[in-house]
Structures are given as structure tokens and as C-alpha cells.
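The structures considered in this document are given below.
Each of the next two complexes has subunit A plus one other chain: subunit B in the first, subunit C in the second.
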Partner chain A sequence: MGALSLRQGLHLAAILGLLGAAAFPLYWMFVTSLTPSAELFADRARLLPTLSEAAAYREVFRTIPVATWLINSAIVATGTTVLSIALAILPAYALSRFRFRGKGVFGFALFATQMLPEAMLVVPLYGIFAQISLLDSLTGLILANTAFTVPVITWILKGAIDGIPIEVEEAARIDGCSRIDIVLAVVVPLVAPTLAAASVIAFFHGWNEYVFAQTLVSSEALRTASVGLAGFVGELSTPVHSVMAVSVIYTLPAVIFYLFVQRYVVSGMTAGSVKG
Partner chain B sequence: MADERLHGSAWTPYLFMAPAAAYLLFFQGYPLIEELYLSFTSTSLLSPRDHTWVGLDNYRDLLATSDFHHVLWITALYTAACVVLSIGLGLLAALLLDESFPGRAIARTLVTIPWAAPPVAVALVYIWMYNAQYGIFSRTLRALGIASGTENWLDDPSLALPAILLTTVWQIFPFASVVILAALQGVSKEQREAAVIDGADRLSVFAAVVWPTIRPTVALLALFITIWSLRRFDLIWLMTQGGPIGATNTLVIELYRQAFVYRDLGRAAAVGMIGLGTALATTLVYFRYTQRAERARGND
Partner chain C sequence: MAAIELVHITKSFGPKTVIQDISLDVQDGEFLVLLGPSGCGKSTLLRMLAGLETVSGGEIRLGGRRIDQLPPSDRDMAFVFQSYALYPHMTVRRNITFPLIMRRFRWWFHIPLLGGLGKRRIEKLPEVSDRVDRTAKILGLTDMLDSHPRTLSGGQRQRVALGRAMVREPEVFLMDEPLSNLDAKLRTTMRAEITKLHREVGGTFVYVTHDQVEAMTMGTRIALMRDGVVQQYGTPREFYQNPTNTYVARFIGTPPMNLIHATAGNGALQVGQTRLAAPTHLAAVTAGSDRPVLLGLRPNAIEPVGQGGAEILAGRITLVEHVGADTILGVRLDGAVTAHDDEGAPSSDVMVTVPGYSLLALGDTVGLRTTLDDAVLFSPETGQRL
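The block that comes next holds the complex of A and B.
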């Protein structure tokens, strides 16, 4: 009995250590954002937030165009999500339900897109976007990001559609529904949880994306939060606690959104990746 | 007629694929071909429309310089360490979270949070934590008397890569742990109990029952982490820009430097193609390996 509880104690200690390591950098971001400047450079670090410093957040919104950055990021992320889902549903269904020539090639091409770095495609995309007037626009960013999310989402949705018994569709087919009707009216509602997961993944991609937003957009009014925040690297005039406050403001919506839907994200991701 | 309605026409799958295929061809296929072409030319960022065909010169020049050999070495080191450390830590976390304990559901959620944090924000908080004078890491090391605690990890050629690795692994191990945790649900309870009754200790149970079940998942995970590590840009670029003296200069960082610092688009494209070739080669090795593993299982 004693040995058992020792083992349990070690197990719990290991888990607490793990959670501490996972949470600490984000906790530190938060603590720093709520520590007065002078205290940050004192001999001893403050390990707890100074809650009376909360006004610093209002100050950040006043002096830095954080609101504009967040709105731009939200537009890019939402656009990327909607367009990615719209483009991915039909190919996901086709990969799951049909046998056809070229299916293997298409499947491999989808996987191969995972190998392309944004930093590589940004050079030719810049030239292409210049010709079709997509430079310096949020639409351009949405279009560029979607190219990277469609393959992942197609793959995840295919995994979910594989799990739906074909009989469910047959009743609708006998009623004379077209394929598209079946996909929209029967299949989409059944994969709703996976669709939620796929949306989060696309949203995160748009919310986090940096290389395209840095290179394809030049107007200050169209700057996204990732680019705005990256501008603080090596820049010394903005106080550290303000930089961390902006980081918190940028991180928090993503983490909260994730916590709401994490159950679906985890099952969707693992279904997609484990089944390969 | 009814038959056709039931099965759809032969064109249906192609119609379903067409929009996404056209989209990807335009936004990924076409730029990729253009990039391949650029890699055989001498092209400057200052006049990107003027190409001079140089054949394989960019590749030859790159492969002849020791600086580029160093880039390949750093890339290999970074990628291998990402794979081993993320999967090692992810496996450990998954095994811990697989056992039952009070608050397990909350712990499983909390451990995945780093994965949801935006890389740019992660880079900024780690830059602050690595600060030589006031960063929490230096302060802790000083308090413990381990180091003089005045070196900035990101400025030190021997510490910059470990510092980048720590940040990367912190961000991606949650993904590994979630995927491995899902695979652990497929481990047969009966086999595990039988092994325990036979007197096997925990390590032997793991080797005989658990590992064979999760091995295909771990292999797939290794492939994904390899491919992602070969293309990771934001974290490294924002924390070190590939420095100091090339200590964190991976292929993608070198590509970006060639294009936007040295303004040599042809050389940059050749670096990109070498990176892509590496990713493709890894994928082929993976498929070879899984096919052989499947055949071996079939022969049992």
C-alpha cells in the first residue's frame, strides 16, 4: 500500500511538472505584461502579476494600433476558414467515396503540399499577385493561406466521411437526390464535429501566418497582428511589458477558441493523421 | 438512367475534384514550377523579370561552399533533434496521461495549450525569457549558481540552437502527445494483463505489447515532424535570423536570406529545391519502411 501511494505520488508529481512546463511561458507572458517597467529590471524577478497594473492594457490599445491588427488578423483567419472549407468538402467526399483514375496522384499531391515552405513560394507568388492586383490586400492573404489549408482539411474531412456508413446515403439516393444534395444535406451534418475541428485548424493558420502577411502586404492599415508583433523584435523603444501585453491580447483569443472546441480538434486531428 | 443516378456518372469524381485542383495548381503548382525555373537562372530581387539561364550553376556553387555544408548540417541536426525530442517528450506525456488520476480530462487539455499559441507570440516571450540580464532563465541559473548568468542564449553560437530547439519542442510536443495518446487507446488490455500475469515488468510490457501497437503512429508522426521542421520559419527567423554566425541557419532561413538579404532569387530557389528534395526523399524512405513493415507482418 505504501509503495502504491509512492508510485501514485511520483506519477502526480510528474504530471504537475509537465503541466507547469507547458503553461509556464504563457504564464510568464501574462505576468510580464502586468509588471511595472522598473520591477522588470530589479534584482529579483516578480513571480506574480501586479493586478493594479491592468490599466497598462488600456494604454497599449491607446498607443499601439492593436485593434486594427486584430481586426485584420480576424478577417484573414475568417476568410481563410470559409474558403478552405468550401473548397475542401467536395474533394474530401470524392476521395472517400469514389474509385477513379488519378486518385492516388491527387492524394499524394495533397500530401506533398505539406512540404512546400511559405518562404519559398512567396517569391513567385509576389510576381503573380503583382500581375493580378492582389498585392497589398487582405484578399490576397486569404487566397495564399487557403492554398496551404485546403490539403490538410480535405484529408481530415475524408477521414470523417470514411466513418459514415454508405447506407445512410442510399436512402437519400433512392429518393432521387443528386450527389451534391446528398453531400450538403446528409454528409455535412454528420461530419459537423470534424468540420468544427477543420475550421479551427484553418482559422489558426490564418491567425498565425507571418511570412505572407509580412511580404505581400505593405500598408500599415492592413498589417496583421503577427506582423505588428514581429515588428517589436530588436526594437527597444516599446517597453517589454507593453510587448507582452500585445502578445497576450494576440494569444488569448486563439487559446480560448481552442479550449471551446479542443475536443473536436483532437479527435479530428487524430482521425486524420492516424488513418493517414 | 436510375443506375446512373445511383452511382453518378464517370465524370462526377472529377467534377468534385476540379475546383480544389484548379485552385491548388494556380496557387501552389504554378509558383512551384516558376521557382524550379528560377533555380536554373541568375535572377536578382532588384529586377526579378530579367533571367539569365545558368543551368546547374546555382546548385554547383551551393554544394561547393562550406557555408552551405554547414546549413545542411544545422538542418539535419535541428530536424533530427525536433523529431527525437518531441516524440520522446510526447510519448512520456501520453503515457503519464493515459493512466487514470483525478483531473485527467483537465490535464489532457492543459498540456495541449502550447500548440494553440501563435508562433510569433511564442518567439517574443522566449526572447524575453532568454534575456541575458533580466530573463527568467538567466535569473534562475544565477540563483542556482550554475552559470554566471550573463550570456544571452540566442547570441551564443553554442547555445542558440539548443535555445531554438527548446522553444520548438515546447510548441510541438503537445501535438505528438495527443496523437500518441489516441494510438495508446488501441493497445489491447488482455495482452497487457497477460504480460503482467507472466511476471513482465513495466518496461517489458511496454516493449512487448505497447510499442508494437503504437509504432506505425510514431513512424507517421516522425515523418510529419521531419517535414514541418524542414519548413519551419517564423520561430527561427524572429529569434535569431539564422545566427549567430550561422548556428541556427536552416535551409528555409538560408533560402530567405539568399532572396531578401543577398537578393539572389536564383540561388534562393536552388536552396528551396534542395530542401524540397530532402523532404521528398524522407517521404520515400518512410513509405519504403512502412511497406516493408507491413509485408513482414503479413509473413508472420
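The block that comes next holds the complex of A and C.
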């Protein structure tokens, strides 16, 4: 490989610059979490972590119920993901393949739900959940989050299903598939990359969600990490050290989930089905 | 028994009727070709046979049993799509095995992992794997069984689609322009392969195409359609020698049949200034007094000869195409008018096929002789055979 041309050099510099801008807050969070408390407010910022401070992480787990928060967040995020996808596939298929009265209105209504902010819905939702005993439960939280992710995921999946040649489904009908067999055995595998992308959206929504988690859940044992983390911000002081350590811990599972899923987010799955 | 009966079949999409009262009897083991231009309803008819489209009126029977209300999977018919329609996420083996898996399908096959194991178990059953291996061997796919469709060429994909149809051992094979996506050379090869398949596998084949060469070479019987109506139903030979109307006459044959305005009467045909004695098979039409007719002549029934003489049509060369074994000549006739029904205005040009390499050049004047042995006559008003 020869030396980089000026053009390549500029590209590389631009990419590194953008990468740095995106990654620096994460890095700064990590460095701050490993900075001795005494030096947190020093005049000169430390750019390198003090690895001897790693014990701070153990301390966080010992003194704060971080593990419980993370488990709760994981339950909510996973539940939201699974439920959202399970509920979105069939309407997405119907929107893509069937002609029915009110289809346009149905599609628009799905979009319209996205125009309402969570904060506006939290009070009525609280009232409804109180009546059906879903307050202060992770199930209720999962349902509330799912209500917000299903419309988006339905539209995303509809777009992907539109791209599947209809002949492939007709071939499956001839081969003996019922409609539900077609959806599960042919359509779902073919939209797998989109499902992966949709699951990222749902998972992150469930993982990051704050307003519902703060309002609909009150027990300490059911608190999610987003609420727990926000609870550090005190009126008089904020333990920056611990906040950053918990933030790192809070961020990691989401990053790992994304890394795990992103390899499925590849296009070209339908290549070879029909002529092309 | 896989005899197919179509009884007064109609199909409408909203106010538009695309199939108008079609009735056909297809014998068991027949290779029926549904032929016609784009939009004539041939694919719709095939899809109605398969159950992919509902029937607006009439009945479809297979071996005497009414099937038009049955779902596609209960009709014992396999369908080969123009675009192959393979399952891209499955290997060639799984694509071919899929119809057999669906026969033994259980609801829990939809459960991830568990379903995969169930499907694999079916795939490994001796009666299934033997059948798949046998099919793959016939189609030359043995080495590709573990590949995915995206790695295969167009011809190989089409063979996988055929394999998926064959493995079910259906009573009827339905094929919707299966060769139209292939290049000319591969199409010729696959044409022969499908004909061989029909001979070896048996069963009734219904094959849709707009290519008259495919129809003439593959079909044991052809139904030529236009605007949702069957124009003629018969053997390829009947189509070539005895077209029922000018549309059929012009659709079959390359170049198509020449249609020349003539006057029939007193045992002869008058074309321009030339009087041609009518052969015996045209005696009935030419017996009476003079009446206008359209004289149908195949290009190979006309021969360029020296100028002048009795029963010779004079003309000038307007086109010379050397296509290898033959030369195609366009000749503008003196004093005669041709009727080229679909292709526009009447002219005076006829097409002539000459064996070998003709030395005639553009602008040469020639005389044309025809024996009228295979000539056919049509009514100029209705276009129907006289």
C-alpha cells in the first residue's frame, strides 16, 4: 500500500474528527468516573483515567442497587422489543399486502400517535393504569413503551415487506403455506435485517425511557436505571464520580446489544430470489 | 388422471373483463401452450388454474373434480414463475424440499430452533432426501444443493424453480413464461430440457408464453388468445396450416403469413393483373362469381423466378435480410394490395423466404411464383377463414 493521497488524507482526518466528536463524551464519562474525587474540580482537566480508581466501580455496586436497576431496565427494554416486534409484524404485513377499507386512515393514525409527546399522555395513562392495576409494575411500563414503539416499527417493517416480491409469497401459497405460514416462514426471515434495525429502536427506547418509568413505577425494587441515575442529582450536591461510573455501566449493555445486532443489519437478503 | 376442463370461464377486474367465456378441454399428459401478446389474459387464466386468482364465472375441473373453489395447495398443481420466485434465505436443497416440508408441517415448526430441527428431520427422511437428490440429478443441480440462490446464474435458478415444482410430483405443471428472463442461447437449451421433462416426468403441462417459437416447438396443443378470447385451439400443425382467422395467420410464423387482397371466382384468383388457377382445396370458395378475398400465403410458399410468364406476380425487391440458412426478401408487388391487419396501413409488400444465400439486391425487379398448394383464403370483412 502506497502513501495516502491528499484526498484520502483529508477523508481520514474528517472521519477521525467526527469519530472523536461522537466518542469524546463517552470517553470523558469514563475518565471522570476514574478520576480521584479530589481532582474532579481541579483547574486542569485530566485527560487520562487513573486506573487505580477502578475500585470506585465496585463501590458503586456495593452502595447503590445498580444491579437491580440494570436488571429492571433490561426486562423493560427486552420486553418492549419482543412485544413491539410481535405486535408490529401482522399490521405491517396487512398494510403492505391487503387492500381494506380505512387503510389510509389506519396508516395515518399510526403516524399521528407519534405526534403526541409522552409528557402529554402520562396523566391519562396513569389514570388508566390505576384502574387496571398496572401501576408500579414492569409489565405496565413495557406496555406503555410498546405503545410508542409499535407504530414506528410497523411503518419500518411495512417498507421492508413492500420490497419482497409478491411472487415469492405466491410460490409459498402454491407450496402449501397458509397466510400465517407465509408471514412466519418466508416474510419474517426475509425482513430479518429490518427486524434487527427495528429491535435496536425498540430496545433503546425501552432502555432510555424516563418519563413513564418515573411516573408509573414507584417501588424502589422496580426502579429502572434511567430513573435511578437521575436520582443522583441532588438539591445540594451531585456525586459526579458515582454518576459517571453508573453512566458507564448504564451505557455498556446498550452498546453491547447494538454491536450484537448490527451485524444482522445488512441489506441484500432478497438477492437471488427473483431475476436481478 | 389430470385432464383439465375449463367451462365458460370468465374473469373481471372491476368493470373490466379480461377473460371472456373460455372453454377448453386439455387431455391428460398434454403440453398446452397459452399463447398471445401482452395483456391478452393468458397469465390470468394460468393464475386462475393455480388458484392465485379467483374465477369470476364458470368452472375449472381437474380429472372430473371441481377445483376452482380450492386453495392453491389443494389443487395438486405446481407453478413455475417467470421471475423464478425462489426463497432467497434458503439453500437450493431447502428450496426444493420446501413443498415436501409443508406437507408434513406442524405448527411448532414456527418456533425458532425447534422448528429448524423439525424441518431438518423431514429433510433427512430417506423418502424425502432421495426424491430431492433424484430431482437435483435430473436437473444437474447436485453440486449446488448447498448454495443459496443469489450465487446461481439465471439458468440455474430457473432449474431450481423447476426442481421445486417437480419434487412434488404434481398432476399438473403450470409455467408462466419461465424462459423469458434467459438469454437466447440458454432459452433454446431450456426449451429442450422442459420438453424432455414433459416426456420423462409425464403429467399435464400448461405453459404461458408470448413467443410463438416456444409454442410451436414445445406444445402438443396451443390456445392462441387475444383480448381474453381464444382465437384458435389446436395442434401446432393446425395453427400453421389451417389458421382460423387472419390474426392467427399473422401471429404464427416468422416472417408472418402474407395476406394479399384478391378476387376469387370462376375457379381462379385474380391478384392485381395476374390470374392464378385455384387448386382443388380452394375450389369451393372460388367456384361462384367474383368476390373479394384475402389470399394467405406463407413466405416460403413464394418463389422468386425470372420475370414475365403466366401466373407470375411482378415486383421489386425492397428488403434483403441474410439470416444464415435462409434469405428473407421483401417484395413490393405491382398492382396488388396487401392487408397487414395489426401492423398498420395496407401496403404492397410481401415477405418471401428463400433457402440459402440469395444474390438478389435492393431495387431488383423479380417475378414471384406460388403454387397455392398451401394457400388459405379469408374474408376481408370478418377476417375469418373461408
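The rule we apply is simple: the second predicted complex is superposed on the first by the 239 of 276 C-alpha atoms of A that agree within 3 Å, B and C clash if a C-alpha of one lies under 4 Å from a C-alpha of the other, contacts with A are read in each partner's own complex, and residues count from 1 in each chain.
The rule we apply is simple: a residue touches a chain if its C-beta (ideal position, glycine included) is under 8 Å from a C-beta of that chain, and two chains touch if they have at least 3 such contacts.
It should be emphasised that the depicted structure is a prediction, and the values quoted were computed from it without experimental measurement.
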Going by the contact rule set out at the top, does A:Y258 touch subunit B (first), subunit C (second), both, or neither? first
Examine A:G104 and indicate which partner it touches, taking first as subunit B and second as subunit C; both and neither are also allowed. neither
In the overlaid three-chain picture, which partner chain does A:V150 touch, first (subunit B) or second (subunit C), both, or neither? first
Which partner does A:V240 contact after superposing on A: first (subunit B), second (subunit C), both, neither? first
Could you tell me if A:F41 is touching subunit B, subunit C, both of them or neither one (first, second, both, neither)? first
Counting residues of subunit A touched by each partner, does subunit B or subunit C come out ahead? B
Between subunit B (first) and subunit C (second), which does A:V186 come into contact with in this model arrangement: first, second, both, or neither? second
Touched partner set for A:R173, first subunit B, second subunit C, both or neither: both
Both partners, subunit B and subunit C, contact subunit A at residues 173, 176, 269-270, 273-274
Note: in the complex, subunit A contacts subunit C through residues 165, 167-168, 170-177, 181, 184-186, 189-190, 192, 268-275
So, in the complex, the side of subunit A touching subunit B is made of residues 8, 11-12, 14-15, 18-19, 21-23, 25-26, 28-29, 32, 40-41, 45, 87-88, 90-91, 93-94, 98, 100, 103, 106, 109-121, 123-125, 127-128, 143-144, 146-147, 150-151, 154, 173, 176, 178-179, 204, 207-208, 210-211, 225-226, 229-230, 232-233, 240, 243-244, 247, 250-251, 254-255, 258-259, 262, 266, 269-270, 273-274, 276
Using the touch definition from the top, list the residues of subunit C that touch subunit A in their complex. 50-52, 71-73, 77-79, 81-89, 98-99, 102-103, 105, 109-110, 148-152, 154, 157, 164, 168, 181
Which residues of subunit B touch subunit A in their complex? 5-6, 8, 10, 12-14, 16-17, 19-21, 23-24, 27-28, 30-32, 34-35, 38, 48, 92-93, 96-97, 99, 101, 107, 109-114, 116-129, 133-134, 136, 139, 170, 174-175, 178-179, 182-183, 217, 220-221, 224, 227-228, 230-231, 233-234, 238, 252, 255-256, 259, 265, 268-269, 272, 275-276, 279-280, 283
